Amino acid sequence: MELDWSWRFAWEILPDLLAGALKTLAAVGIGYSMAIVGGLILALLQRTRSRLLSAAVREFVEFIRSTPLLLQIYFVFFVGPQFGVQLSPWASGLIAIGLYRSAYLSEIYRGGLEAVPAGQWEACTALNLSGRDAYFRIIIPQALPPATAGMGNALIAIFKDTPMLSAIGVAELMHAATVVGANSYRYLEPYTLVGLIFLLLSLPAAWVIRIFERWLRSKLGMV
Amino acid sequence: MSLWLFLVQYGSRYLSGSLVTASQFVLASLVTVVFAVTFGLLLLSKTYWLRAFAAAYIDFFRGSSLVVQIYWIFFVLPLLGLSLSPFIAGFLAVGLNTGAYGAEVVRGAILAVPKGQWEAAYALSMSPAKRMYRIIFPQAFLIMLPPWGNLLIDVLKGTALVSLIGLAELMFQAKQINNLTFLSAQAFGAALAIYYLLARFLITPAVRGLESRLRRKMSRT
Amino acid sequence: MDSSQDYPLELTGTNVPMVRFMNVSKNYGGLKVLDNLNLDVAEAEKVSIIGPSGSGKTTVLRMLMTLESINSGVIYVDGKPLTHMPRGGKLVPADASYLRRMRASIGMCFQSFNLFPHMTALQNCVEGPIQVLGLSKAEARDRAEELLSMVGMIEKKDQHPARLSGGQQQRVAIARALAMRPKVMLFDEVTSALDPEVIGEVTNVIRKLVSEFRLTMLMVTHQMGFAADISDRVCFFFSGKIEEQGEPKQLFGDPKRERTQQFLSAVKDAV
């Protein structure tokens, strides 16, 4: 069978797709910011002295991680109106993605924090540093380098999560491709281009993250 | 409508959806395992082209989104002469995608087997193939089991995306019930609960159980 | 907790010790690590603690640094209770902020150095003075450089710990602890993690401290000769109790108790 690829059509639809890609990147930026902070909160809540609280947060993280993101997106989007709260597709989609990746990031933070030797905490006590100074000046800077790989992966993972937003009508890249396809009855070019755009953005990003991790390690003197 | 009535009325839909999800999960897991092991071994090949081929597969599937891959396999492959039903396109896409992540896990686990084991097998003049499947792989298998627990949960969650191309699995049924009843909290909440139970009380314990059984077997004298 | 109201709110009179352990006990689960310890350390006194592993000697230092809680008894520092605080005319277990205030007069060096790996030697030494004591950057820096010179590490002040040898890291750790101007310094097996050939550079620094500073010092050590040289008093610990104590000359030269004799001869054989 002959491949029916039209360069002209591909060129024609590219602006639409790139506009969608910009919105995708906006979603990634917002979702990631939410996840970075949310993950830290979930990680610190699991380190509190209250056993009950930390066990409850732990199970919540497990729940978020073991159910499909698409279902969570639908849940946030549709359940609001049932109780009289109307959330836009953008807002509900980003809340769902932010929460979902918060759960993943909390595990990464937790791993990083647990990797800091106990002696570092003891040195903080011996120098009489406050709890805040100990966390922010001594422990977290050491927990960061081992966490950067996971944090970078989470950024790329959010990027790959965003096509699910099209299911509730957020006009991101995948949505743009589906609209183009439905209007022209041609799916070859739009979906192939979407795949290519994903590869062209995520592969270099993965590469940059690897380099950044190495740079951070040497910058902090942790060879 | 009370939750009980809701479940009585729509229980059969959730059940049939869960069965489709379960069969998708089993088939996608098989595809995942086959591709993960094959490409994980290829990544360790001495031949440059085989390694490059494996790396390309992994980058390709990890570099783009599973949603895009499902759409591409379902909508674009027919244009190239290969028409697949949503069911087959679904588990293939999910398996190919997770298999790419699994290949890295397999490779890492094989490399984590202590060097002395390779040398001991070499000293017994085993053939490379025998050395791999009699000595190295059984040990690597134990090392890779914990990450496989996570990968299988990724497979389960991946099958939910097959609803986007119209397969009537669990996610799809939940969406339909929501459209019929507008009882979104119940419709999606029930589905969330089923996925959670499957992942947390079936898949995770199964992998853990397998791990502890193998560990016992290995330490038995 | 036994009846802490039997303990004085404050130690008064002449000859108040810098450190006093009063009936201090510590358990881990069912295991008694310290059994009713009573120990006074006078101001500027140098006390070495020796004994077999598991005898509770490190626990003494860790309790004094407030790294571990105690199960009964009271510890006083400079006449004031450390593990407890006065509340309504009696002593109650100290809260976090009280502990924090009280431990400001105590400094500690660890077996595994515990330098902050993401900071240079100099940054390690100014961190506490700036963040805790509130010194200006210039002040903290001057003081840190002075101390780094004293321990012979001024040339390496801009190196990260990963680039320093064990002996060098321990010398920086000593400077870091001194920068906080403690009244009491604790040395917890500071030479145990070192290669034999660099132990001398660390013990020499401590010898210098003894001659130049009026510090109260408690140290747990396995270097018997070193302990004999610098200590005013040596305590031999055995299963959570002080089995025997005395001036170094007496304890090493003429130990009275059988367990002390056994331990000292075993250590001598090992050398």
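Per-chain residue numbering starts at 1, and chain names A, B and C are given in the order in which the chains are listed.
Criterion: a contact is a pair of C-beta atoms (placed from the backbone, for glycine too) under 8 Å apart; a residue touches a chain by one contact, two chains touch by 3 or more.
None of these values were measured; they are calculated from a predicted model.
Taken as a graph of touching chains, this assembly forms an open line, each chain in contact only with its neighbours along the path.
Overall, the chain located most centrally, as judged by its C-alpha mean against the mean of all protein C-alpha atoms, is A. Between the CA-based centres of chain A and chain C the separation comes to 47 Å, rounded to the whole angstrom. Centre-to-centre separation of chain B and chain C, using mean CA positions: 55 Å. Chain A and chain B have CA centres that are 21 Å apart. In chain B, no residue reaches two or more other chains under the touch definition. Chain B meets chain A in the complex at residues 59-60, 62-69, 71-72, 75-76, 79-81, 153, 156-157, 160-161, 163-164, 171, 174-175, 178, 182-185, 187-189, 191-192, 195-196, 199-200, 204. Those residues of chain C lying in contact with chain A across their complex are 65-67, 100, 103-104, 106-108, 110, 112-120, 127-128, 131-132, 160-163, 176-177, 180.
Of all the residues in chain A, the ones that touch chain B in their complex are 1, 3-4, 62-63, 65-72, 74-75, 78-79, 81-83, 159-164, 166-167, 174, 178, 181, 187-188, 191-192, 194-195, 198-199, 202-203, 206. Residues 117, 119-120, 122-123, 125-130, 133, 137-138, 141-142, 220-223 of chain A are the ones that touch chain C when the two sit in their complex.
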